[in-house]
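Next come two complexes built around subunit A: one with subunit B, the other with subunit C.
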Partner chain A sequence: MVVAIVIELPTDLFKSPAEAFDNYLEKLEKGGAKKTRPFEVELTTYNPIIPNSKIVHVLTHSEYPASSFAYIDHSNTQMLVADNTFIALMDKLKALRVFDVRLSKTRVRGTRLEYQDFVINLGTVSQMEATKGLVLEVAFVAMDETRDGYCLIQEFLQSFLNTTKQKIQRLITEQLSMWLRSLKDRKDNEYNPSVTLLQYLDILGMRKQSNG
Partner chain B sequence: MDPAQSLSGQNRSSFLPLEYVLQGSIEDKSAHLLRARLQGLCDNITGEVELFDDHEIVYSLRPPAPTNVSLRVRYALDDLPNPIYHLRYVAAAELDKSTHVSIRQFHDCCVTKNIQAFLQELGFGYDYEFYAKGDIYRKGRIKITVAKISTSTERNRNDGNPMVNRRPFTDSCFVEMSLIGSVLDDKVGDEMKSFADQLKPLISLEKIDQKR
Partner chain C sequence: MMMNNPGAMGQQGPPPNSMQPMIQGGQPPAAAAPAYPNAANPPMNPQSRPNQSQNDDIIARCLVQTQRLRESLQVLLNKTKQAAHLETDDQSSSATSLSSNSTQSSIRNNIDRRLFDMSQALDQLNSLVEQYDIKALQNQWTLISHYNELSYEKQGTFMDEWASQTKWADRLAEISPYIHPTIQFYRRSNQRSIGFTNRSRVDGPSAPLIDRIIAQYDAQQQQQQQSATKEYSISLQRLSDHLNIIEFSLFRAGLDIYLYLRHCTVEHVVVKPLNEKKQFATNFNNKLATNYRALDIIAGHIRAAAVFYAPFGTQPEQALSKLLLYIGKYQPFHAQKCVVCQKHLLNGLQPTWRDFKTYECFHQECLN
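And then the complex of A and B:
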């Protein structure tokens, strides 16, 4: 298991997200990270046609190729983790006029790099050929204890992005902060990949949580 | 090809999974004769018959859904306390008088424990549930299950107590012969029919009759 943090990288200092991507990639490679393979995260949103139903977001991540992750808006349920065939099932429900896909898929495409015990995924967010930004996912593979893993990754990000701890904490998504806060009461701090995907959902701007 | 890429490629492939089905029933007191005959006719690698003990819960969409969609959640009671849940969608069988077997489309995937809460959030309501306990026999691609269907005396919502009181539904066992194939398999129907003929006169396996 891994502990991972997903953040949106600022691209204001560069002319375009593509240039920012190249710049960060070069920085990582110069620091010793090795390119392994392309990585992709895909998000499809299903809107309900029938009245009592809710919006469902289905994500796939190339790091977990045999799974798909589903999340319902405005609900307190955790993420549902299923086989790849779940997408075929959702498409079938779409064909049966239970759900509808109104927005096109949002994709994060980029490169996966490995640096010792870290797995770094750097990618550009795009929807319908329009590039929207840059996302960085840093995972520490050697442990699954959330708080310690989070501190370690934070140190790594500090040195890589050359910024202060406070700036990094501001970049961390709301979902991960809530997860960390909820762990104070619980004994088991085991991280799981659904939290990574929830962070992606936050960044891709789609998640709406229920109040309370 | 990189395994991650080939798996995510599979995700996008549009294969149409079809299930060829024949169903029948046999009285409890004659079920042992059927089992003996099946043990003789079918593939018998280990010498022992494979048993199963499953709990299936059916959820369906309440009106005003356009079609009557139902999804089945099934898990093995043998796997407690952490069973693997299967989510299955089966369409109504096609009414085709020329074929010997019923053909229906289906989608199957493995999901996590929170599938029941997930389906309820989506607007699916609990319909009914049952327990199926019996044996599985295989002959080539054909799978035959001989199961005793029972219901519980009280509604058991959590996967928990296997000692719940079970009441048999009828005095007979439910027998189903199925094969998974694609649209291009013409000979499948004949293959299944000829095998079903070998089981007569003990049991007569027929197409699914929607009216009954």
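And then the complex of A and C:
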């Protein structure tokens, strides 16, 4: 019951990501959004020790506390949605030396706000206590039809960021663009939360590639 | 003999066979309904309704046994308190007297007797419950519907009523003459309207009329729509003869609109997203208001439209069909822009207002 867009917010005009976070948060609160609770997204990457196996990315999101989302690198498969025992399974495999965690966890921590029928998650990306950037997730919860929800969220972002439609479209991740393109061939336009997590993976995964 | 002739004193009781509900025998009553029922002594024929009278008898006996249990429990409580007091008195005084011993033994005997009474009452209660014919309740569907209606008037306290009212069996007996489908004494105009061709009020069961209105709307939409796939669905849920719920689903907008109707008058509107129903498949309560601000506002607009389309003198079926047309205009809700500001969102909300005549969409703020 949600359509969401996840984008990386620009922090060039600010001295630090923390200052940018405060600035955007103040802007949202002045616009009428109300703080509800903290939110967190966590990404753990499991590298295989066995050769010819693939990297597994496991994500968790505080909006879906009972679920974990897993994605195999370089595959055309969809995201696996499982309950939290999947994380225990991966940890067990790590203990059995099937997988290894080389990079530390990447976390997005911040505040969840509500504005009319929108849910806004504004968070800072951090890895090993170093802040890397800002992420904004805007979800429209009153529907799950992707195209219409995408238009509404785009308009919201235009007014919030005070920018044009084209700039917003450039900020949208490749995963969401692929999803929107794939809708043309599908009858069912129903959005699902794994698309949100794929967008997070796009942003956090790319960050990891640039660091690692 | 006057005693044997109920019609002689002017107190007409309905003939015995006419009080049978249609559901039990499956045959309509042969005699015509009387003008004034005898509410004090409903003339139920025990031979024609053996299950219900047996059930009523069982309930009455259950109440007696429960009362007996209650009394025994109270006496038991008092006796145990008395025994406790005596024991503390004995402990404080050094000498034990014969009188206190005899009092204690009489208390003990009393307690034993009461416990025996209670066990007997419980056994009898158990056997009565086993004798109760649960299936007979299915024949009381009209009564249950009437109760449902009463509870709706009290804002959905149906289960609470059943739980708190211990004399519900008497109540059922009181109201059963009034809820026979062919009698309907709560609409006395039904008696005078025979021979009238123009009626401004809807009497009798309203579900067939609403079905006709929905069929007319369907036919109208099929003529207008060019695509083969239907973009909406309308279903009618009948709670009682004059209480119905229309569920109008708009697939493109992803909305479910529930209209609570008393005859053809809209009393309550709830708008929900389509997929919310999936979460409550087994325990669905569609009386809960939605959690979404925009949909709540739409529900308010639909209520306003229901009032606008039903001025004094309008036929209720005309008002309802216009309202269904109005609701259908919300189909492209999420894709439409406001006619004034040409935007989807203003203060985080879509254009929820639809003009009652032109069906153009506006933000609430853009109207002023």
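The rule is short, and it goes like this: the second predicted complex is superposed on the first by the 205 of 212 C-alpha atoms of A that agree within 3 Å, B and C clash if a C-alpha of one lies under 4 Å from a C-alpha of the other, contacts with A are read in each partner's own complex, and residues count from 1 in each chain.
Keep in mind that, in the parts below, a residue touches a chain if its C-beta (ideal position, glycine included) is under 8 Å from a C-beta of that chain, and two chains touch if they have at least 3 such contacts.
What you see is a predicted model; the values in this text were computed from it and never measured.
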Look at A:70 in the shared chain and tell me whether it touches subunit B only, subunit C only, both, or neither; answer first, second, both or neither.
first
Touch test for A:159: subunit B only (first), subunit C only (second), both, or neither?
second
Which partner does A:52 reach: the first (subunit B), the second (subunit C), both, or neither?
first
After the superposition on A, what does A:115 contact: first (subunit B), second (subunit C), both or neither?
second
Return first, second, both or neither, reflecting whether A:143 touches subunit B, subunit C, both chains, or no partner chain.
second
Counting only touches as set out at the top, which of subunit B and subunit C does A:151 meet: first, second, both, neither?
second
So, does A:86 touch the first partner subunit B, the second partner subunit C, both, or neither?
first
Would you tell me which residues of subunit A are touching subunit B in their complex?
37-38, 40, 48-54, 56, 60, 62-63, 65-66, 68, 70, 72, 75, 77-78, 80-89, 92-93, 96-98
Touching subunit A in the complex: which residues of subunit C?
252, 254, 273, 275-276, 292-295, 334-335, 343-345, 347-350
Of all residues in subunit B, which touch subunit A in the complex?
2-5, 7-8, 10-11, 61-62, 64-67, 69, 87, 89, 105, 107-112, 114-115, 117-118, 121-123
Subunit C partner, complex, touching residues on subunit A are 1, 32, 115-118, 141-145, 148-149, 151-152, 155-156, 159
